[in-house]
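Have a look at this one before I ask anything.
In this document, chain identifiers A, B, C, D and E correspond to the written order of the chains, with residue numbering beginning at 1 in each.
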């Protein structure tokens, strides 16, 4: 699951002087491109990365890039929360240490502060970019959309490296035992959860993220509310839409699901609790969470590896399937010292040869390229179920729009949702309060 | 108030390997209301024994009873004692007033006013009445010692333990305090153990003296008993100041051949001696007489080494003229008697004042004579 | 031999002069490095925070800065929830400080009273260890141990006791935070109190025993007053540290559920690193600094820190 | 009081005392054992997580008996970066503890012994250095560190560790020095010692329990410090704390490795504690030395 | 070695509001190599004066010179002194050996071996040779005091300051130590200031006595001077043990009418008296004689209150039979003279031994007679 050597550490992996025969990917795959790879030979780029499987998947291929461009790659890998702190310090003080860094929900915040550097300039530089070779259309729409400021920008804010999409997980043996069908609708799902919850002594019906945080409970709820036909910011920045009927229903459903059939203290569960609960076989389902859990649920950490199944997330009766998806993009800042070199790296890393190699030969399971998901070799490697469910979900996926104050109001919105899950207030009141706060934040 | 029984008590410090025996198998019975004075050289175990009685040290062996109760397992609080520590052990963060009240607050139900009254009157009596609000750090050594004493005497315990409570006071104050302690002890009739290095205190304050050396009991008796009837050479030498003079000698047919002179034993002495040959003759400085002019009665001629004038008396340090070593002995002479250093003088050792000791065991062989009156009072406690 | 003047004046040897210089100005030499470091670590960050709290957008160029008066402070107390987090923080500080001081002292006293020196060493080492568990480890492992479904602690409560385990993090968040902090930081009090206890002269304890004081009164009247400076300092420092507690609580609850455990430091963190409002973050920090300095001053004035020998 | 009075009182006192004494003893042991359990259980759990084979870390009912595997530790040991950061931390923290004592202890001594103008304000000022949440000061520090070229240097980190511990050292040591009677130094000065020698030879040894306790605390504070290490370093001076968290991934937590690394982080502290343990106990009895 | 000049030194403690004057405007010249003994009641400022000379306290007013150098600004180190503290002030963390070596290490360049040798021999001399590896906390009070003394005497300083260095030692050890200190002081010829409460030490050890009371200088002189020629009633009462007896009275035509008896003044006395009327008669206990049988010479009849047997002598406390108050006076009687409490006895006050003091100022009006030999030696230092 976690790949590669933890942490940053040292400089590049280039052992230097190795012949191209030792390289993971033959250089020829890149040399077709009409790009001047060698123009920054001898430079060095500094990558600020999150402790993410992508890093371990790509690391063995880094010598390829170094060989190809003559640019040294230096990693700075941190756990997510620590990374955010570090990234913010770096950009807000103009230090510009990172030439490339992971970018997430704060994309528009950063863009608005003027910290991010749009990439279009480089896309338009013919010595740096060859559209024919890069095949941007192979990238999922959802990830491209997120790389344009999540719909708030018409410029490239970064390039997508990973995408994860929500799926549901369930335990086949329990389904067999209780004669259940895979749920396609919320109602079915709730009933399945009920059956398991009430008939099993040590197993709860379902588990789901309840903890506050903009990547936590609302990441799930946002899917559900979209399925109800509503969306965040029905009228940006005047009407958040959070007090609309659809949102309230979605919130009520999710809240009561967790309260009735979720674990005790569901309101404080993060993805890791949810995952651990499932791994231990203490829950019948995960209602909707990252498809990337698959690895953790089927490896030797898991006690349910041989019975866990993956399926698309349920939807309301008559609603649409559009699961939430999240793309990590990599961006460069205004103050970065080697933005062009950075762009070369981004492009190389997200290019088809590299991405394909990462998924076929390395440990990737999060490709942003449709072609990879359709690749038979890959599908048989990760399993047909996983690939098919992921692919279908990805095609339908609708990521969250991260407006520039999303972190701030999202935090408050998730607090309200957490209160509702904790039973401290009704979902409706919570959502109304959230709506008010969100709108205040923009007006104040 | 209670009797104290110390039964075969031994106290060792340190681990069994290299332990120090501070108190060595001591047994002692102290009657209810008795005033017992402990004396002995520095390091002889007085404080240790006292602290063991207090329950501050646990004896390695033996039992301690207060009244009829075996108190081995009791802490100081249960033993209900008051103690003056040799090192005072005042509470540095409390004022004199608080230091002195503390014990009363802890061990009695007296009201604040009663406590204050008692403390104030005790402090006045000891001349520290105006220092009640001072911290111990602001007091002179003697004032601190008086606080330590005051802290004990305001209480009304089963037992008083006083470890050199007057050592840092001037002579006058010491006299006053001595009287006060005795008065108090008489009034309250509290069993009291008292350590002192002061000969006057040792001789005058206690009903009985307990003499210790190297943790061992040397003699228990009234002060006069210990003075006039020392059980051994150690006690003889320890009690009385200046010390008794000792002359070692070899017995040769009724004559003690000491270094520098011969001394003829009386018949009674000879009969006591039995068959020891190595004998020590002891005589107190105040019993020896010095004579300018030769006289049939004197024993030998001596050279004056040093004269220490002491006011009404002088201490004269002498050496027998024919002595080989340069050991001196002391004579207490009249202060107005003109004696100059280097002078030759005749020394008389009155036969009736002589003690004889076994040179090897130190046991007393022969005690001095006393007139019958004194003889009678010897065993009477003060 | 010579009189002192001669010793002083004939000592023209340069090494000796240097030594005299060293000793004559000893307090200055002793203080200088500390003062230097202190200036470095207080003045700039303090001024910087104050500056940030007064401007609209963070900029290092003071001439470009747009000063907005107290509006950041206003935001801090309206939208920023500063007041709420002050209340939460004070609650945590008061209860955790109480628990940790009492427990720390009791443990220190009890361990000091253990006869066997081996057992003593064992306790001494063991009781310090919780402090050495890194905050995020503690929070992460703590979360999983407290997890209602897979956590060992609810499991043990449910199986080994007649009680049903509560959902610690969602139903008793504040208590859980306080208890975990107590587990984590009682060692701090323990170790300082223990060292303080071992410098109380035996004779004082002996004197108080002879004076007939029962155990607890010995502590109240003699031992604690004697080690008052140490007790005072340990408590004050722990109080100040508690006021800025962050790592474990953030890892454990992120201030939730809702804002039930939203400590000031978490609030500052969110304002700074999530909301990207350094102005509001530093405004909270500045108000808070003044608040804590005021508390510290009051405590110092009320309790004082003079030593027993003064 | 008559003798029989005493007998009866001591008799009853004896009963009281016997029961009370045993009561106190049992109570004390009960409390110590209970707290030992409270302390040990999470630690045991942490260690057992690190020794369990994958998949068993969180299984319930717990595997009380399991075949321990050192797999996680071997992984850790083979992780060159982790080992390097570990060593780096040991060095930086060790040096910082020595330096903070060298800077703080003398200053505390001066604050305790000399009349300093505005002493209280100076002390509060010192204390104020630990009043702001680190979150609020990390950015200014980042700015200075960039300017002074201290960013990502060991010297910079040592300085940071000094700064987080200095106020603690000064305050706690002042309190301990306040508890040491001045008579001792007077004796030293009369013996011909300079003020410095008096401080070093007489006062310092007497303050040993205090010094050791602040050394332990300073060590631990620096050792578990995360935020400054995170923001103020990137490669060369990275402390080990950051590595421990590297096992908390985006979509998975490696429980075994996290537990192993967390356990490994406790080890130097335990070693340090055992090394200084005997000094912590070395209380001095001033009472026997000065009469007061 | 150096002379010490104390010039108008005053030491106040506390803030100006409620300050305590511990040393009150004292001036004193101490010659190079002189041995000066300070005596005075507890709290009279002896330690403070000594600490001021050491540089441990800064005088509030006045100057101190050591040799010719004004040392006001100098610390103890620069003054090059060795001191025995009244409260020992041993280093608790060092062994006896280390405690005693510390001063040598700090103030001399001696090699390790030399230091060890000196320390060992000093320790042997003081009987603590076998305790060299012990910590102070493991020693008895007297052993601690000997370490404190040893720490000072191993050094070779300009000045020795000893504050009651023998107070916790037993009589025998004290005698030995006294001799050792004197020998050492003679050998090294170090100027020495010595505080003691022990009359014997005060009378025998020093070249001169300095008597303090309430921080004020009462008299400076040789011991015999202070004893036989006290400058005032305080000194007369303070020096000598037991104290001089004082009888207050009213002068009526050459006769002192005291409470309980009349005393006829000699012509010489009368001429000294001038026109004071309120007079105090002083006579030392050892000068009064007691007589069983009536005799022309005795002054009055007295009732025996208490008899304190002291070995060779007894202290007899008496009250004039016709006295109104119950004040007693003391007489030193022969220990073997049978005197019982309650007995009536005749008291003789020899005219030549009488001192007269002004009852109001305390100044001496008339000194006792001395034989010419003693008269001569009065001013000679020991």
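Criterion: contacts are C-beta pairs under 8 Å (C-beta built on N, C-alpha and C of every residue); 3 or more make two chains touch, one makes a residue touch a chain.
Predicted model, so just to flag it, every value in this text is computed and none were measured.
J.: Show me the overlap between the contact partners of chain C and those of chain E.
T.: The common neighbours are B, D.
J.: Counting only C-beta pairs in contact, which pair of chains has the most of them?
T.: So the pair of chains linked by the most contacts is C-D.
J.: Relative to the centroid of every protein C-alpha atom displayed, which chain's own C-alpha centroid is closest?
T.: Central chain: D.
J.: How big is the gap, in whole Å, between where the Cα atoms of chain B centre and where those of chain E centre?
T.: 22
J.: Which whole number of Å gives the spacing of the CA centres of chain A and chain D?
T.: So the centre of chain A lies 40 Å away from the centre of chain D.
J.: When the centre of a chain is set as the mean of its C-alpha atoms, what distance in Å lies between chain B and chain C?
T.: Their C-alpha centroids are separated by 57 Å.
J.: When the centre of a chain is set as the mean of its C-alpha atoms, what distance in Å lies between chain C and chain D?
T.: About 12 Å, centre to centre.
J.: Among the residues of chain E, which ones contact at least 2 other chains?
T.: In chain E, the residues touching two or more other chains are 80, 86-87, 139.
J.: Can you list every residue of chain C that touches 2 or more other chains, as numbers and ranges?
T.: If we look for residues of chain C contacting two or more partner chains, we find 60, 140, 144, 150, 201, 203-204, 226, 272-273, 278, 308-309.
J.: Would you pick out the residues of chain D that each touch at least 2 other chains?
T.: Answer for chain D, listing residues that touch two or more other chains: 58-60, 139, 143, 194-195, 226-227, 245, 248, 253, 255, 284-288, 290-292.
J.: Using the touch definition from the top, list the residues of chain E that touch chain B in their complex.
T.: Contacts found on chain E: 13, 20, 39-43, 46-48, 86-87, 127, 138-143, 145-146, 163-164, 167-175, 197-200, 203-204, 223-224, 227-228, 237-238, 240-243, 284, 286-287, 308-313, 315, 332, 336, 338, 371, 373-374, 377.
J.: Help me check something: in the complex, which residues belonging to chain C touch chain D?
T.: The contact residues of chain C facing chain D are 19, 22-23, 26-27, 29-31, 33-35, 37-38, 40-42, 44-46, 48-49, 60, 103, 106-107, 110-111, 113-114, 117, 120-121, 123-137, 140-142, 144-145, 150, 152, 155, 159, 183, 188, 191-192, 194-204, 215, 226-227, 229-230, 232-234, 236-237, 240-241, 243-244, 246-247, 264-265, 268-269, 272-273, 278, 281-282, 285, 288-289, 292-293, 296-297, 300, 305-310.
J.: Hey, which residues of chain D end up touching chain A in the complex?
T.: 54-55, 57-60, 79-82, 84-85, 138-139, 142-143, 146, 226-227, 230-231, 234-235, 238, 242-243, 245-255, 257
J.: So in the complex, the part of chain D that touches chain E is made up of which residues?
T.: Within the complex, chain D contacts chain E at residues 183-184, 186-195, 197, 201-202, 205-206, 208, 284-286, 288-292.
J.: Help me check something: in the complex, which residues belonging to chain C touch chain A?
T.: Touching chain A: residues 58, 60, 75, 78-79, 140, 143-144, 147-150, 154, 165-171, 173, 253-259, 270, 272-278 of chain C.
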